[in-house]
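Here come two complexes built around chain A, the first alongside chain B, the second alongside chain C.
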Partner chain A sequence: MATDLRISNISKIYPGCIANDNVSLQFKSGKIYALLGENGAGKSTLVKILSGVVSPDNGEVFLNEKNLKLSSPLDAKKNKIGMVFQHFNLFETLSVFENLSIDATEDNESLRVRVNEILKKYNFSIDLDVPVLNLSAGQKQKVEIIRCLLRSPKVLIMDEPTSVLTEQETEELFISLKKFCDEGILIIYITHKLKEVLSLCDEVAVMRKGKVVSVSQTQNERVETLANKMVGQKLAKIKKKINISKNKDEIFKVKHLNFYSDDPFETNLVNLNFSLKKGECLGIAGISGNGQNELFQILSGEIITPNTSIIFRNKEIAKLNPKQRREYLMAFSPEDRISQAAVPELKIYENVALNNFKSSNFFEKGLVNEKKIKEHSKKILSDFSVNTDNVELKSQFLSGGNLQKLILGRELITAPELLICYNPTWGLDVGAINYIHETLIKINNQEKSTILISTDTEELLKLSDRIAVIYKGKLSKIMPSEEVTPEKLGVLMGGGSID
Partner chain B sequence: MILDISFIGILIGSIMASSVPLILAASGELITERSGVLNLGVEGMMIIGAISGFALMVITDNLFIAIVGSMLSGVIISLIFGFLTQSLLTNHVATGLALTIFGIGLSAMLGKSFVGIPGKEFPILFSSLKESIPFFGPILFGHSIVLYFAFALPFLTNYFLKKTKLGLVVRAVGDSPVSASNQGINVILVRYCCILYGGAMCGLAGAYLSLIYTPQWIENMTAGRGWIALALVVFATWSPIKVLIGALIFGGITILQLHMQAIGFRIPVQFLSALPYLMTIIVLVVISRDSRKIKLNTPTSLGRIFYKEK
Partner chain C sequence: MIKIEKRNDVPMALYFFTPFIAIILTILGGGIIFYILGFNPIEALKFYFITPISNLYGFSELLLKATPLCLIAIGLSFCFKSNNWNIGAEGQLTFGAIVGGGVALIFYNQEGFYILPLVILAGAIGGMIFALIPAILKTYFNTNEILVSLMLVYVSKLLLDYLVVGPWSNPEGFNFPETRQFSDSSRMPLLFEGLRIHAGIFLALAAVMLSWFILYKTYLGFQIKVSGLSLKTAKYAGFKGKTMILVVFMISGACAGLAGVGEITGPIGQLHRMISPDYGFTAIIVAFLGRLNPFGIIFASLVVALTYLGAETAQIFLQIPKYTGQVFQGMILFFLLASDYLLFFKVKILSLKKNDLRH
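What follows is the complex of A and B.
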């Protein structure tokens, strides 16, 4: 039976922000619909309304001309609307099967039979009895999808599903989604990735600042046209920079980096060796959970490993802690902006002061020199075009992009010789990503080096001079980036080998 | 002192009796914490259970009413905690501490007129078997019904958490309240129920002290057992069976060191008094070393305030 989902005049206002402004859209089964927009455009709010997590201030939702009252997630479930959230809604410490059984109405035996049928039908391979925290992001997403499929949904909503997937996993996902679509499930695909819209979806609705600004057939669109609709202005295109000359001095060299952990949730690192020249960007690709966390922590000095040699500017720094390394002009931007890079409850200038370096004079005789820190913070805010000039603002109220700019600014204002960053643009929108990429290219042009650990292959290809792939704690050979293609990276990231 | 077999039997029996309040309170708190709620008011709920149980016994002369009443009083006082933390979203730690201070003060006030009144003998089961079988008699028989319940409780709790649907829901809520809520589980309701259940068990633990273990009312008679129960839950890494082991070790060494003091061992008294705390921690740390299991048993959202998006 055909499904027809209609959203009519939905509005949702949060204090100080109109998340959805009179949104009306129509979806019909047999097609894949994209809902495109930057972070904060109102996509997630709309999706939360459809899945019953949030109730709208105004407006109605019709499924096959029936007015739905979606006041709780249960209502969405009852009406066969399935939802795969961007931040997985799974219970990490429970097993896969327990996760699936928690809202099942049938007994465990028949549920297991049905789950196995789904696994077989769509070629998913997942061990049902391991805790979810042992799964890769792609597998977790499959668990979420299975949970939806178990309720034979009419509508399946996918919220930014590929942000944590590899190229291969993304392809697999697209194949599955097309299958679901052929089986008559109406698919709404939320994303800010333009290429995915073009390759997967039939129709695209673009949202900006809470409003739907355009609805069109994807065959009539190109990356540029969609980007301009999404951002509302013409975006400057970043050019991939030209490779630097080979005769530069070596600035950073890692030898025999080994890491062994008893914790089964950490990855062991096996004999990593690499070096870096002045003004060079070394990209380290890989699916998250293959040792990037550990590598970042070792490079930043949070973990000290025995028998490892790290030479930086001709000094052995392997035994130094992060603060000492900073004094040798290294800088770090960790993956998790909220919990590792900044303290969300602290004000902006307090977060800036956390990274006190020797020459900063932020502290005198054990007292805080608030005036100096605030001046310094103001400079960072303006130099790195953070969207506020109020240094008293609590950091948690900054958007992801602005927080990342603040962190990068904090790290870069000390003019470091080497910046190590891990997923610097994770979850950011196009505008912010552009800005951060420009910044990273700029510091390379100033003869400063960067190590870019990232799960985003596009970003790596754009910024790196050389690229290596980390898989299960081992580093592939390091390749000049002009020899690397997304396909090659995908193979290496999945544990395969090339040539 | 004669270390014969029947003496050891009696000793073990008394160790079991002394660990009952710990087992009850810790099992209750374990369920509460598994749902993600950290209630530091265990001591307060226990002492309220103790005075209300004793007072009801004196007033009604009915032990059944006293026991049920003590559990109800635990429920009522934990309801205050639940309302504050779940409905008004106050901080778990501060609210729990306030609850303990409140409980100790309130019980002292209510208990003024009950000081010095002798308790009533609590019926014990299988008392004839206790005398007739050497060694095993005093261990297995001649205890109150509450003791048998307490020793079954960790196993029931384990079964509940691992095998039942409701237990799965409790674990899910403790793991990720946001996910649970998005799956349509009423997180606040589940947490209320777990808090109230914890209150009931703490009330019962208190009543065991004032009605059975030392049948009388003494101000502050829980003497820190609530805090021990709290520590047991954490050191047992939220595993009911390990809570039982920990409670027995603590009770056991408490009793043993008293005997050692009485005999006059040449060990400083202060060290002997500290021994139960030290040994319990050491043993539980050693048996809970498996970091994987810890991660799987720890309620990830413990102590964090959850509020539903509107």
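What follows is the complex of A and C.
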């Protein structure tokens, strides 16, 4: 039976922000629909409304012309709307089957029969009796999908499903989604990745600032046209940078980096060795959770490992803490910008003072030199085009993009010889991503080096001179980026090998 | 359906106003308790909160009790602000009193202007050393400072017990569990004839000023603030975490030690078993009621000191046990935590009716 989902004049207003402004959309089964937009465009709010997590201030949802009352996630389930969120809702220590049986309405035997039917039908290979924590991200996602399929959904909503997947897993997911679609399930695919929209979806709705700005057939669109609609302005395309680092001096060298942890949530690192030249960008790719956190903390000096040698500008720095490493002109931009790189409750100038390098004189003789810190902060705000000039503002009021600009500005204002950044554009909108990419290219052009640890393949290919992949704490061989393709990276990120 | 959401921005003014709400609620709660116990609540509350400070002597007693509370709470604010949960101030107070008292006993039959400063210094160092035990165990052996500092309270109290009945007991004291009287040179100068208020109050005021300066104007204060808000950030910024833990515990212990030595050289004048009516524990309430802010702590120490006095007055006039003082202290903390919860989170009652109307 054909399914027809209609959203009519939905509005949702949060204090100080219109999340959905009179949104009307129509979806019909047999097609895969993309909902595209930057962070904060209103996609998530719309999805939350469809899944019953949030009630709209105005407007209605119709499924096959029946007006739906969605006041809780249970209502969405009853009306056969299934949802796979970006962050999985699974109990890690329970087995796959136990997770599936938690909200099942039937007895275990018949449930197992049905689950096995689904596994067979869609060619999923998952052991039902292993704990979820042993599964890869792709397999966990499959468990979530099975959970939806068990309820024979009419509508399946996927929220940014590929952010944790390898290229191969993404391909598998797309194949499954197309199968579901052929079977008459209406699929709504939420993303900000343009290429996925083009390769998977039939129709695309673009949202910007809470409004639907365009609905079109994907065959009539290209990456550039969609990007422009998403951002609302013509994007200056960043040139892939020219490799400038041949025959330059070596500036940074890591030998025998090993890390062993008792904590099962940390990844052990096994004998990493690499080096970096002046003006070079070394990209480290990998799916999150393969040791990037630990690597970043060891490179920044938050974790000191024995028997590791880290040579920076001909000095051994392996035993120095982050503050001491900064004095040698290293800078760090961690992944967690909200609770590690900055403190949301602190004012902008106080966050700037966190990078207290010696020549800054922020703290003379142990006393706070507020005037100096504020002057310095003002300079950062204007040099790095953060959209405020009020250094007294608490940093929690900055958007992700502006906060990242502030952090990068704070780290770069010392003119460091080496910047180590981890997912610098994670969760940012296209405008901010562009700005940060331009900045990173600029510092390479000024003969400064960068180590870019990132889970974003596109970003790595755009910025790196050489790329290595980290998988389960081991580093692949380092390849010149001209020789690397997204497919190759995908194989390595998934634990495969290439010749 | 009830839903609880975090508030994004809590106005600073309201943040400093909620302690007053907590105090008002405590007084109302106290009135209800008195009513249930069969007293006229208005009259009982008057005995509790007004009678004790209606004359000069009462007022000086208020300052006398507020002095140790304020000193200890100032010290604790350094620990609490940096996420170190020192709850053993009572033990640090006791140990400070033991060390300071020991020095005073050495000079029991001597006079000299240098004796009191030595005694005070010894008290501060004693508290500091005792606070270093949980700090060192935390930094180098990863123990939990809450448990260690709390358990050490009993260690120091038992040590004091042993000393006053054993080696340090007064040879002319008919086996009472107490030491000799300190010499006059070991006693805090009294501020007014006939009142017990002594120069220790200046120590407390100096601690307030100094702590304000350290917390808001120095690099140490900045590190304490950042560590308190996010340990991850402190690590990333390269602050010397271990040193900072040791320093805040030392400051805290020194303040508690000073409070202890202030008691024995002030109103008490010797060592015996009961040198503190749990000032070290009550100061935890004072620190939070004062919002860990040096000037807030002055105010809070006066309020909480009043519960001590009120309990004594109520015992005399109404024959209510003086432990009601602890009931009031408990209520203050309870209402403060409750109003903080409502300050930081909002409770939304979602009516299902509104949704129904739409259909």
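The rule is simple: the second predicted complex is superposed on the first by the 455 of 499 C-alpha atoms of A that agree within 3 Å, B and C clash if a C-alpha of one lies under 4 Å from a C-alpha of the other, contacts with A are read in each partner's own complex, and residues count from 1 in each chain.
One rule holds for everything that comes next: a residue touches a chain if its C-beta (ideal position, glycine included) is under 8 Å from a C-beta of that chain, and two chains touch if they have at least 3 such contacts.
Please read all numbers here as calculations on a predicted model, not as lab measurements.
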item	value
Partner chain(s) touched by A:350 [first = chain B, second = chain C, both, neither]	second
Partner chain(s) touched by A:133 [first = chain B, second = chain C, both, neither]	first
Partner chain(s) touched by A:152 [first = chain B, second = chain C, both, neither]	neither
Contacts of A:55 with chain B and chain C, given as first, second, both or neither	both
Common interface positions of chain A, toward chain B and toward chain C	55
Interface residues, chain A side, partner chain C - complex	55, 60, 67, 69, 71, 300-302, 321-326, 332, 334, 336, 339-343, 345-346, 350, 353-356, 363, 366-368, 396
Contact set on chain C toward chain A in their complex	8-9, 216-222, 225-226, 229-230, 232-233, 235-240, 352, 355, 358-359
Residue ranges of chain A touching chain B (in the complex, touch as defined)	48, 51, 53-55, 72-74, 77, 83, 85, 88-94, 98, 101-103, 131, 133, 262-265
Interface residues, chain B side, partner chain A - complex	165, 168-169, 171-172, 175-176, 178-185, 291-292, 295-298, 300, 309-310
